[in-house]
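Letters are used for the chains, namely A, B, C and D, taken in the order the chains are written, and counting of residues starts over at 1 for each.
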Amino acid sequence: MTVPTMIAQREVFGRTLVELADADPRLLVLDGDLANSTKADIFAEAHPDRFLAMGIAEQNMAGVAAGLATLGFVPWISTFAAFAVKRDLDQVRVVIAQPSLNVKIAGAYSGLLTGFTGKTHQSVEDIAVMRAMPNMVVLAPADGPETHAAMVAAHAHGGPVYLRLARDPSPRIFDDGLAFVIGRGIVLREGRDIAIISTGVHTARAAEACDLLAADGLRPYHLHLPTIKPLDEDAVVRAAERTGAVLVTEEHTVIGGLGGAVAEALGQRRPTLLRLHGIRDVFGESGPNDAILAKYGLTPRHIAEEARLLLGQPRP
Amino acid sequence: MRPAGRDAEGRVPATPSIEELRTIAREIRRLVLTSVHHAGAGHLGGPLSAADMLAALYFHFLRLDPARPDWPDRDHFILSKGHSAIGLYATLALRGYVPVDELRTFDAIGSRLQGHPDMTATPGVDMSTGSLGQGLSPGVGMAIGAKLKGASFRTWVMLGDGEMQEGQVWEALEVAARYRLDNLIAVIDHNRLPQYTWPDFGQRGREFPVQNLAGKCAAFGWRVLACDGHDMDAIVRTFDGATRPDGRPTAVIAHTVKGKGVSFMEGAFAWHAKPLDDEALTRALEEIDAQTGLSAPPAGASR
Amino acid sequence: MRPAGRDAEGRVPATPSIEELRTIAREIRRLVLTSVHHAGAGHLGGPLSAADMLAALYFHFLRLDPARPDWPDRDHFILSKGHSAIGLYATLALRGYVPVDELRTFDAIGSRLQGHPDMTATPGVDMSTGSLGQGLSPGVGMAIGAKLKGASFRTWVMLGDGEMQEGQVWEALEVAARYRLDNLIAVIDHNRLPQYTWPDFGQRGREFPVQNLAGKCAAFGWRVLACDGHDMDAIVRTFDGATRPDGRPTAVIAHTVKGKGVSFMEGAFAWHAKPLDDEALTRALEEIDAQTGLSAPPAGASR
Amino acid sequence: MTVPTMIAQREVFGRTLVELADADPRLLVLDGDLANSTKADIFAEAHPDRFLAMGIAEQNMAGVAAGLATLGFVPWISTFAAFAVKRDLDQVRVVIAQPSLNVKIAGAYSGLLTGFTGKTHQSVEDIAVMRAMPNMVVLAPADGPETHAAMVAAHAHGGPVYLRLARDPSPRIFDDGLAFVIGRGIVLREGRDIAIISTGVHTARAAEACDLLAADGLRPYHLHLPTIKPLDEDAVVRAAERTGAVLVTEEHTVIGGLGGAVAEALGQRRPTLLRLHGIRDVFGESGPNDAILAKYGLTPRHIAEEARLLLGQPRP
């Protein structure tokens, strides 16, 4: 699969479903009437008989997936992250997570950049919610190639996986064919002054922030965590050891998400000065992506500014 | 030239005439098209299918006062199919809740006119919606609350037919019947299309999002009325019937066409939500205007 | 003395005789009562109302092999009204999935017999349940999966009538009808009581948890059959009809009495779930035994 | 209201609803067909006209509450915590939290001690989920008197509140008539060796653990946080400053709950060696309370042992 410099995860999602299905007859896709948004329609065209329309009824969709999984199918649920996580949480808990059934939950349009739809469609707490669920693997790949690799790994994993995806094209970070190991973080940049930890497509913004800091003569360390659960605690501890100050930045509320995971790990293994950057415990709104990132303080410039603030704080 | 009754700010006051309601509906469609074109985003099929009923509700049936959006005794309205927000905003603007020009901020950052209705942002929006299937339940709460208070207002909820697949709607229908909420009216925009629909693969065919709506609502203990949701006469007659209580909540099943008024959008699921380019806008407005009988578009509408 | 056909381990093999099914149902009731008494916790009303149908399913209708609980071609069964777990466990024990004596571990820490059915713990439990309204959806998944695989097994789901208020059930009914799942049978235990029920205050009265069940299921495109859920003849006849496909999923509405078999529990919402003291247990077992025609309780059952 | 030494929060819940309703005609109770379990039936008997049965349909119940709130009523939703949080999360988000409507959500039977019902009914992630929701206040009182006081405060608060309650009697910690200030923690014991932070009825177990430690000559500091959101960060920082080592213990998963909140606060304001104790990212099971607490490691003895382990760790 050749990937252009900017690519939308949803396109890769649709195409990778086809690829996985070509190789594995157990794969089915369940759609919550959003296939032309999520790009599950690419799969629907290629494998009409394995595309199961489930209407606008997310609770039932989760249950149907569970039933299919007991027969040995590997169902992928596809809808917006906001609904995949919150409209069927009790179902995800009781018939997917508790029996640890082999169901993949793909949350499209995560974060704030949801194509002008606004707060009902923005998923600002999905990581916090899914991370708290026993037996759930939580993945948030950074770009197209990593989405592909994460899907391959998710499909090979024998239990429930939540996959957090973004709507709009974002910069390529990785080469095609990268290996994805669930639970392993990736150091994107070595440095000694400050560690920046990020996940999902927001990692591209964090990488840009590192460039800005480097242009100022600083040496940021950048750790990308495409798996939020299970957390790569060793990588987090290493980042803290190298730098003594950790900025976590995410397109997610600052409560309970990647920041929470890092705080829990470091507090227990290596107490380190932290700064948690993300959506400041508010709901979002509609608007163009640039304006939203600017208003909610999530641009590379904002991240760099947070890093400078952290650097200015006295270290304990 | 302004449509009859339009004031200097472009607002249309309430009017009981069928002909004027038709004009207003066409004006709502124009504003939907121009606003979505301007925003470069937004839904089209749903707002266009709902336009005639929104006109009838806001300019004939709802007891309201645009100067006092929080007037406790107002009739309450919930757009459960919240993705049709721009249809509601166009209506609210024409009715005087917000300036018509403000429609140009639809979907913009900081706007009072959010992609989906937000009761904390827009005057006249009685409940936040956008996650489908949720609107009827707050309507049930308002109707129960009215009974508890001895208030005489009615609560109207407009739902999509695709939305009727959400289980929560049936929970709400059940509870509404049990509480005998004859002050609650659900208008179902039965345009036979949701978003991606049930695809046209295999033997299943591209089916309606939901079958036998009338039978289902009746089985849940509701009075069921039906009408052509684009025939203003029929709408007014049927809504009028809906406001005469018979001890049960009432469902009006409005048979509609998704994308109504623009030939290339009608019944085309791809036009559920899609940016509108200049050329498509021009063609669409021409079609609407041909139906209006207006000699020229009202000033500002096609900017 | 053992009931006819009981083997040395206390298990009863499958049998087609109506009279034997009746005996088994009474035995299920005894085991429900003794197990809840022993555990000091658990539900009574629901398991007792379901006992006759569980007997008919597990000893007559379900194609299964207790030695191979995961046999892919087995008929699948989901107890959506998961709080009736002890009724299912008693049945599974009699059928040979777990030792009858193991019922004494019901609700205990580390037990394979959890308060609500747990597919990871109990052999023969095809889906975890306990949060009401969730069981039919996995049943839909199994029935779709069977079609995709070309497998001939049927999927049976037993639901409570109170549970039918959950919206998810109606989502599942809709999707099942659309996929024409004639290999899916829902048995609704219509005992007219949920837990706290609709209280007897004001003018509303203590109403059924759900009205017009048959009409609702039919409106959702299901074939609807009905029977007396305590008349074994009727149950067998009706379930038999349910297994003859007519292109639609089938709902069997079983008219039942909550707490059936124990006079002081019948129709009493307080006995939905309640610890059973020694005296109540003795009285209850006496009543059951009077119905069984057994001269003495089977060894171990009333310990 | 006189309270015996052991009292069940649910009894106080039922009685306090009556008391609040006597004083405020706006109060309504919505029941998810569990009033005789949650003890909302005490209210149903006292105020039949203000008790709204909603059947077994939690999604609709949340929406009805929102509608009632727009009319000026103050609806209290009552059902099990497992369902109050997870069966209607999208509804809580869209029609309660986003418009910040004045709805109170009472989650009965929280934690693991749910009267033998097992994992479907045990609510091990409710704090993590509700804490991540903007506009939501999250309360978990320790005993009967504090439940009463928390309900008074919750009712007076003009926005959404989630109240986490336990099923079975637990020891009295506070006197009747205590003041409850949302967002304020309470130091139950001063000490210098280690800080123990706890919430909800689990605080009684943490207090017992402190007794065990004190009997060994140790001087534990005990901070009770009946408000999880907004967090009393100052109190948390003080506890850390006093002791240099913080054990958070909760009847909740160790991921994202009180432990997560404390870790986020300390990492940012005063990095301190932490130990997070609670349910170890697993679902529960049925059984008697004692056996469950023992198996899942939540007895006072276990808490004391965790404290000793933390004390044995090298401080950074």
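Please note the rule applied: a contact is a pair of C-beta atoms (placed from the backbone, for glycine too) under 8 Å apart; a residue touches a chain by one contact, two chains touch by 3 or more.
Every value quoted in this text rests on a predicted model; they were computed, and no experiment measured them.
Trainee: Looking at the contacts, which chains touch chain A and chain C alike?
Mentor: B, D
Trainee: Please identify which chain has its centre, taken as the mean of its CA atoms, farthest from the centre of chain B.
Mentor: C
Trainee: Please work out the Cα centroid separation of chain B and chain D, and write it as a whole number of Å.
Mentor: Comparing mean C-alpha positions, chain D is 42 Å from chain B.
Trainee: With centres defined as the mean C-alpha position, give me the chain B-chain C separation in Å.
Mentor: Those two chain centres are 45 Å apart.
Trainee: Quick check: how many Å separate the C-alpha centres of chain C and chain D?
Mentor: 35
Trainee: What whole-Å value do you get for the distance between chain A and chain D if each is reduced to the mean of its CA atoms?
Mentor: Centres of chain A and chain D (C-alpha means) sit 30 Å apart.
Trainee: Which parts of chain A, given as residue numbers and ranges, touch two or more other chains?
Mentor: Within chain A, residues 49, 55, 57, 59-60, 82-83, 87, 90, 93-94, 98, 119-120 contact more than one other chain.
Trainee: Could you say which residues in chain C touch two or more other chains, in rising order?
Mentor: If we look for residues of chain C contacting two or more partner chains, we find 118, 128-131, 133, 165-168, 171, 174, 178, 198, 210.
Trainee: Based on the touch definition given at the start, go ahead and assign the chain network to line, ring, star, complete or other.
Mentor: complete
Trainee: Tell me, which parts of chain A touch chain D in their complex?
Mentor: Residues 82-83, 85-87, 89-90, 93-94, 97-98, 119-120, 124-125, 128-129, 131-135, 229, 246, 253-257, 259-264, 266-268, 270-276, 281-283, 316 of chain A touch chain D in their complex.
Trainee: Taking the touch rule as given, give the residues of chain D at its contact with chain B in the complex, in rising order.
Mentor: 28, 49-50, 52, 54-55, 57, 59-73, 75, 90-91, 93-95, 98-100
Trainee: Would you pull the chain C residues touching chain A in the complex into a rising list?
Mentor: So the residues of chain C in touch with chain A come to 72, 118-120, 126-131, 134-146, 148-149, 155, 167-168, 171-172, 174-175, 178.
Trainee: Can you tell me which positions in chain B touch chain A when the two form their complex?
Mentor: Touch list, chain B to chain A: 39, 41-42, 82-83, 107-111, 114-116, 118, 128-133, 162-163, 165-167, 194-199, 201-202, 209-210, 270.
Trainee: Going by the contact rule set out above, which residues of chain B touch chain C in the complex?
Mentor: Touch residues, chain B against chain C: 165-171, 174, 177-179, 198, 204, 207, 210-212, 215-216, 218-221.
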